[in-house]
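Read from first to last, the chains carry the letters A, B and C; within each, the first residue is number 1.
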């Protein structure tokens, strides 16, 4: 009834405009998410080197520390990459938490009659799947980077560490479930990011985006699963 | 046919509400859903009870006043407005749950009536083309390509009922906001204010306490006018472009 | 036997300039005094209603700098019933180069109104029509366009040129949203103070001038007074007096009736329009009727079985056993005859026992030939949403079986009397849109209601209201003024009385009874005996209403029954005047058909000798004899002829 005179974003900078809006925060999630997908793809491809034996794999791991030399000092690239990924992850999670809290607050009362969800499983599991992925990531770093969670950690033997891991059934289980969650998250996340960034200009292109997202998710999932399966089947020993 | 309706009864904005069941014996399949409520209300009044309050006006599916969630779906099982839903969509013996729109931005006023003024305030923030009376050039001065005119029209058919918000698990008003933006942004007349329009409307939308869009598409499935999801994508793009150019 | 009224002094419209008709609006605008832009914000103007007329007026006045206080009973200004207009809006653009002109639109409107409207007003309407289209396009109203990007036009009931602009079957919605968006911009700018879910319940007249309204906040029940320098009523028509109509459920006559009780004259209340293409009713539970746009008659053919009592399904009736009666009776206009003629023809067919559907109250509107000629896709493009709506309501597929249609009350040409400035006889009270009586005479042409609403709101009122504000020094009214307090307490007392009855009948039961009575005796065809019967019964029904109505709840809450009861109480007073007006007008013209006054072949026979006037009624009290002030109509440019569409 009364006149509502609101603060208009006219005074805000580009960064403020983005950061203070729901669409802007989602765009941050989309960009950081796509960055992490790109990393996952590279990570997955690198992992496949394990099928060429310990020499190739360990050599590859060692090479990672030398990228950028001599411009960069030893392992600097790795630390820069880690920093970028960490910032991306923190931004992604911060936005997710803020948006989720806001979304829950926007719908304080549930319907007494349950709603039949139209959205897919992947869509509906983005939030809790994201939390689970976070836990998986922590475990994964403790396992194969830091080594404290690894059954038999050798600082200079990545191949050895991997093989050691996947001898243990429950580690396999954690890893397989974790990778499947990654796949689900990417499957919807890629498509969703494309919507949020407004990449789809025509309605017909929706299918293309879904196919690309699903293909990416499948490639990442299968690529990552190949390693424990390889160990379990004795292909990698 | 005989049906049972369980209707959300809430005496006022601050009161507690609950579902209350009513049996109806002589429901004709040709009745509209609201006519069924009329029959119930007439009975309640004669029985000395308070009738069910619900918003409605044109009963032709165009004013956007009617707003009930029926069996968990805004406007019920068909993709139309509550007033255009007919009892032939239900079967003898059905138990039908009737609830108000649920969203923090739509507080319940009474029973099934909610306050949707937040949607008006989004439009006030920028959902217009500035064209004071008397300033217009001849209508044929600017031809509008038919595809642009069709996009504008498709989005302009939004009736502002708020079903999209009611359907959204996040109580987001993105479909509503994007429909108005898409209507005006598609037209040549809408270009000068394109950027300020999306920035201001999105700011207003966020300020009203609506949730964010998580691309679940629930809104599109409940929109009686078939506003496309593409409009949300276009609003995202327009918003980000406008923000970049700050 | 007396008719129950007295004759007062004749009335004339002194606001219209004389001189050549083409120059009158220019003349008037030039003679009007202006308000200095710096002073405009000091003027408060109340606008009641947010439809095409009210919304456009509020937005325009606010753009000019006045402080507008606007009211609507709906939860949002966008829901006003203009939103439901389907077909289109006329304008003399002549984009089709088919011989249209301001002069022709003027002529068609005067003739279509059966020579019961004012020439000056109608000419101005035709002049302003072209600006409306420009204005709406500039606002972004998405009118239908052709592939070249230019605006499309179609022809509409009763005319032979294509001058109707449209937006599929949702023209009213699109035009309303244009006005709503303009209004929204002014609300945001702080120039319009909007009171949604607030209903006007009385007019405040101080020292002979309209200075405010009494309104009830429908959510809290609070009754408040609002004061201003002028009051604009844009509250629509009174079609819901018939209970079943195509109007929205909330549409009502209370604002104009309350103004009438405060001294404003009501003109031509018996001029009601029956729309020929509505979906027939299905049963007792029916709460309202749904219109199918008249544009359907452009491509659909209307017919009934040639034989009486033919109960075969339509596809089983061979071509030579069908009677395309409009094409037979009116060969040059065919299915496109004006609404009153099409409606009455349908009624005649049904009265003769050739109607179709439940109760024999329907005729077919058949698209078989159009689909064969243009293809289903073309029909879908043009009428898709209407066909969908029909199918949803009736569960019949109109692409395969003909639609069934029947006439229903749709629009009311009568309303508060206004002069050329759209000012009522109460100074400071302006009435625009369907709420006034001005431009359509005894019958409105299709696609002219939207034109009139927007002409009044965007262009006419903002010019004439300024003149009023500039010419009178209006001292602020003391909120404690006796007249203000009296109006407020009368409203409170009346609401309390409605709540206190606690009788045995619901509001709707009274409304239905009143509606049936009026439909039977003051509907498509009216007779002296029927009208007298209605005049006898209405006061008894009113008396029973105040003795037996049951309004639950209290006044201090959202109480939709109380809202309805208040409106029906006004309808019960209004109906009596409408019937009396129909009784007094012993001629047939436009939508008013007196069976006593017809040509040998059953067409309406006007009586220009005795009835070429506007009947403006003055209120004297409930059940008291009103006073009739006649405003003689003069025709200098269009010579009245017996309307013929044969």
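Throughout what follows, contacts are C-beta pairs under 8 Å (C-beta built on N, C-alpha and C of every residue); 3 or more make two chains touch, one makes a residue touch a chain.
A quick map from chain label to UniProt name: B = Succinate dehydrogenase/fumarate reductase iron-sulfur subunit; C = succinate dehydrogenase.
Please read all numbers here as calculations on a predicted model, not as lab measurements.
Taking the CA centroid of subunit A as reference, the farthest chain centroid is that of C.
When every chain is represented by the mean of its C-alpha atoms, the one lying closest to the mean of all protein C-alpha atoms is B. Centre to centre, using the average C-alpha position, subunit A and subunit B are separated by 36 Å. Note on chain placement: the centre of subunit A and the centre of subunit C (succinate dehydrogenase) lie 62 Å apart, centres being C-alpha means.
A straight line joining the Cα centres of subunit B and subunit C (succinate dehydrogenase) is 27 Å long.
The set of subunit C (succinate dehydrogenase) residues touching two or more other chains comprises 187-188, 196. Residues of subunit A in contact with at least two other chains: 1, 4. Among all residues of subunit B, those that touch two or more other chains are 117, 124-125.
Put simply, subunit B touches subunit C (succinate dehydrogenase) in their complex at residues 11-12, 28, 30-32, 34-36, 38-39, 42, 45-46, 48-51, 53, 55-65, 78, 80, 84, 86, 88, 109-110, 113, 115-117, 119-120, 123-125, 127-140, 142-146, 149, 152-153, 156-157, 159-160, 183-184, 187, 189-190.
Chain contact summary for the complex, subunit C (succinate dehydrogenase) toward subunit B: residues 56, 59-60, 63, 74-79, 81, 83-84, 93, 95, 131, 133-140, 142-151, 167-168, 170, 172-174, 177, 180-182, 184-185, 187-188, 196, 219, 246, 248-250, 282-283, 285-288, 290-291, 389, 392-393, 395, 458-459, 462, 504, 506, 508-509, 550, 552-553, 557-558, 560-561. Residues 6, 8, 19, 69, 71-73, 97, 99, 102-105, 117, 121, 124-125, 167-172, 196, 199-200, 202-207, 209-218, 221, 228-230, 232-241, 243-246 of subunit B touch subunit A in their complex. Interface residues of subunit A facing subunit B in the complex, by the touch rule stated above, are 1, 4, 6-10, 12-14, 17-18, 20-27, 99, 102-119, 123-124, 126, 191-192, 195-203.
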